[in-house]
Amino acid sequence: MKKIGIGKIALQLALSDEDQEAEMIEKYEAIGYALYKGKAGSMDSQKIFAAIETAAMRQDLIRENYREEHALYHCTMEAFNGYCRGQIDLGNVLRSTGLVFSIVRGHLISEDKSTGEWLAITLYGQIGSPRQGFEHEAVGMGIQPV
Amino acid sequence: MKKIGIGKIALQLALSDEDQEAEMIEKYEAIGYALYKGKAGSMDSQKIFAAIETAAMRQDLIRENYREEHALYHCTMEAFNGYCRGQIDLGNVLRSTGLVFSIVRGHLISEDKSTGEWLAITLYGQIGSPRQGFEHEAVGMGIQPV
Amino acid sequence: MKKIGIGKIALQLALSDEDQEAEMIEKYEAIGYALYKGKAGSMDSQKIFAAIETAAMRQDLIRENYREEHALYHCTMEAFNGYCRGQIDLGNVLRSTGLVFSIVRGHLISEDKSTGEWLAITLYGQIGSPRQGFEHEAVGMGIQPV
Amino acid sequence: MKKIGIGKIALQLALSDEDQEAEMIEKYEAIGYALYKGKAGSMDSQKIFAAIETAAMRQDLIRENYREEHALYHCTMEAFNGYCRGQIDLGNVLRSTGLVFSIVRGHLISEDKSTGEWLAITLYGQIGSPRQGFEHEAVGMGIQPV
Amino acid sequence: MKKIGIGKIALQLALSDEDQEAEMIEKYEAIGYALYKGKAGSMDSQKIFAAIETAAMRQDLIRENYREEHALYHCTMEAFNGYCRGQIDLGNVLRSTGLVFSIVRGHLISEDKSTGEWLAITLYGQIGSPRQGFEHEAVGMGIQPV
Amino acid sequence: MKKIGIGKIALQLALSDEDQEAEMIEKYEAIGYALYKGKAGSMDSQKIFAAIETAAMRQDLIRENYREEHALYHCTMEAFNGYCRGQIDLGNVLRSTGLVFSIVRGHLISEDKSTGEWLAITLYGQIGSPRQGFEHEAVGMGIQPV
């Protein structure tokens, strides 16, 4: 297998359809990664943060301590910052989003154990007016050591 | 073929290896998209903007007028903003990047001609210290009507 | 008539008193511009965005499609960003505003048809503490092709 | 004469042609304001700040002390922030500007001496690609007590 | 007594325990400073601004006019901006804070009357998840002439 | 000894005079912290980042790997972000700084080993016009697990 970065894994998981998702999870779990893909949608940015945190904890992607929760939070903030492209806000600037998020935990680069464990979070979805069809795609990613 | 958004096409092109790239270009040009993938690397953010603008003009992805150049500029700014996740800067905050960029022009959603032509720009690469191996992946995307 | 930019028309309309407003509208409609001036006031930034969008749609300043709504949204965001001078927020940072907004649609520069149609939005008003007299003027403008 | 805010005076001065400028200066100096209008153009944002500071000092619009220089600096920063609409940068994001700036010193509202002296700075000009004709108008304003 | 800046006084007051606080207030009031230390905690950033403004007015640290209220507001905004380190927001990005704030009014540098009166506001506290123990320290400071 | 946070240690070290500095270093090294205090001054923000990184490496406050360098970089970015209060820039917005920085490594809260090792960086100094005496104090702090 070619070397791949944790960010690319997270991006491809976020972009995957159902068949690819199952295949990716199997493939990368076999070489030591933990992967999860979920959905969130809201005009309230707090709910996007909460959905990701809840998923990460329930799926045991982070351990129940502040170091790991801190890494998860900064990952989410960076991903959401990139997703919003300037204004870290949804409803306050009259926009809404529906997105999928992927969380991947493992080495920064596959088969390279020297850098320890990292966390990558990707957001991919539609952002725009709270009106059907008046929206376009957006993406954001955050990466932190964990 | 399933419907696909212009942003997903641009993201997959940026993530593609050489074989996939040729295949994607053929597949999406057949249904009316124009696609390009290039490389840029610098500690000077101006050079990232210049590389994308030069490529878009040389490849005829935008017409030689201000309306289209304006759309390209705002696309690039949004993509770079997302890539940087907060500080729209490279060398001033002592970091460097090497990235691939993809530019895609066509319908917002494949086979839906109602929304006219749009431009999607994706940046995907490594950002970090100007020191080999001290860097991680980043992604950014901008979408504008053209 | 001397050449004038769409932004200057929008600024002067926002600064105009009632007599000047009627005169400006007549003068610039005669050479192909569409102009509108409205009012909005709130501690809730979402309401400023909504007031401008509603006015633009009711007054037929934009067509009922996503391309034009997207241009209007980005215009409003740029204008509000400039108006707020750093923090894109009102009530969350304990401030309120009462403002007039102008929307102008037409050529980027009068009598120059080569650049097609653009949209300019100007905000001009008072921003400050939600307490009478504890506020000062602010201005913001956004310009996008439409 | 109708009451007018210091910001509106500064905006109108920045938008004025030569005849109007002379008339405005005479009119508002008669009721206690000091006004100045200058030009600056660069891809280097530092030069915009320097041009305004130099003009304000040479024209005695601020006294030679840190309190007043601090007010001038924050006024300029707010005006430039609004002018740039998000990224406080020119050349680093491959754009250039040519602008006029106005500096006005006096009461916050004409004929109302209760609030003491304030400073208003307005920037109005063209921002865009460093290529002739590939640019549009922008405006920014800052107001501070002095 | 060695010369000291108003910012250092505000920082030390914010960091002081009860005994040090009483001692500091006595020491610096003797040389013409006014000092106050209060507490605020919330997920709602508006409440932090309100707590500081209310305290400054009740303690007569600012006079009841707009010039001084404006200086106080900008001081608070700068301090909160530094405290948040990028996103000027609490609950919208799913975080909460409990902090002490200090307000100091007096010369920019002790025993140097040439620069007139200034205001320094320091925030020091814990910021993080709204969950006990999942938070770390933060600091922010704003300084304005008054 | 009372419990103390790593941020407060870093802040007090940055504010300390020479005698206090020596005393603090002894006191906190005895309970497992590593402390360092240095100086940096420039109109070029890159040099502030470089001075802190060089010091941290020479003083062995971080290990020679990317995980720790990444934590150091994000700490520095957060501290500089807070220090600048909005615009992450020095010379581009015509200002300069002279500052002391402190780097502290150890537990988040003294005597509480449950959260592992963290890094706190504090910047304290003078920021302002590149002209003697036209400047005031600023502070910024970043905290990251390491």
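So that you can tell them apart, the chains are marked A, B, C, D, E and F in the order they are listed, and the count of residues begins at 1 in each.
Please note the rule applied: a residue touches a chain if its C-beta (ideal position, glycine included) is under 8 Å from a C-beta of that chain, and two chains touch if they have at least 3 such contacts.
Being a predicted model, the structure only gives us computed values, none of them experimental.
Against reference pair B-D, the listed pairs A-F, B-F or C-D yield one interface repeat, B-F (criterion: more than half of contact pairs the same by residue number). Ranked by separation of Cα centres from chain B, the top chain is E. Per-chain CA centroids place chain A at a distance of 20 Å from chain B.
The centroid of the Cα atoms in chain B and the matching centroid in chain E are 44 Å apart.
Chain B and chain C have Cα centroids lying 30 Å from one another.
Counting only residues that touch two or more partner chains, chain B has 66, 70, 81, 86, 89, 92, 108, 136. Listing the residues of chain C that touch chain B in their complex gives 65-67, 70-71, 74, 108, 114-116, 144-145. Per the touch definition, chain A reaches chain B in the complex via residues 5-8, 11-12, 15, 78-79, 81-83, 85-86, 108, 118, 120, 122, 124, 136-143. In the complex of the two chains, the chain C residues touching chain A come out as 44-46, 49-50, 53, 66, 69-70, 73, 77, 80-81, 88-89, 92. Across the complex, chain C is touched by residues 87, 89, 91-95, 128-129, 133-136 of chain A.
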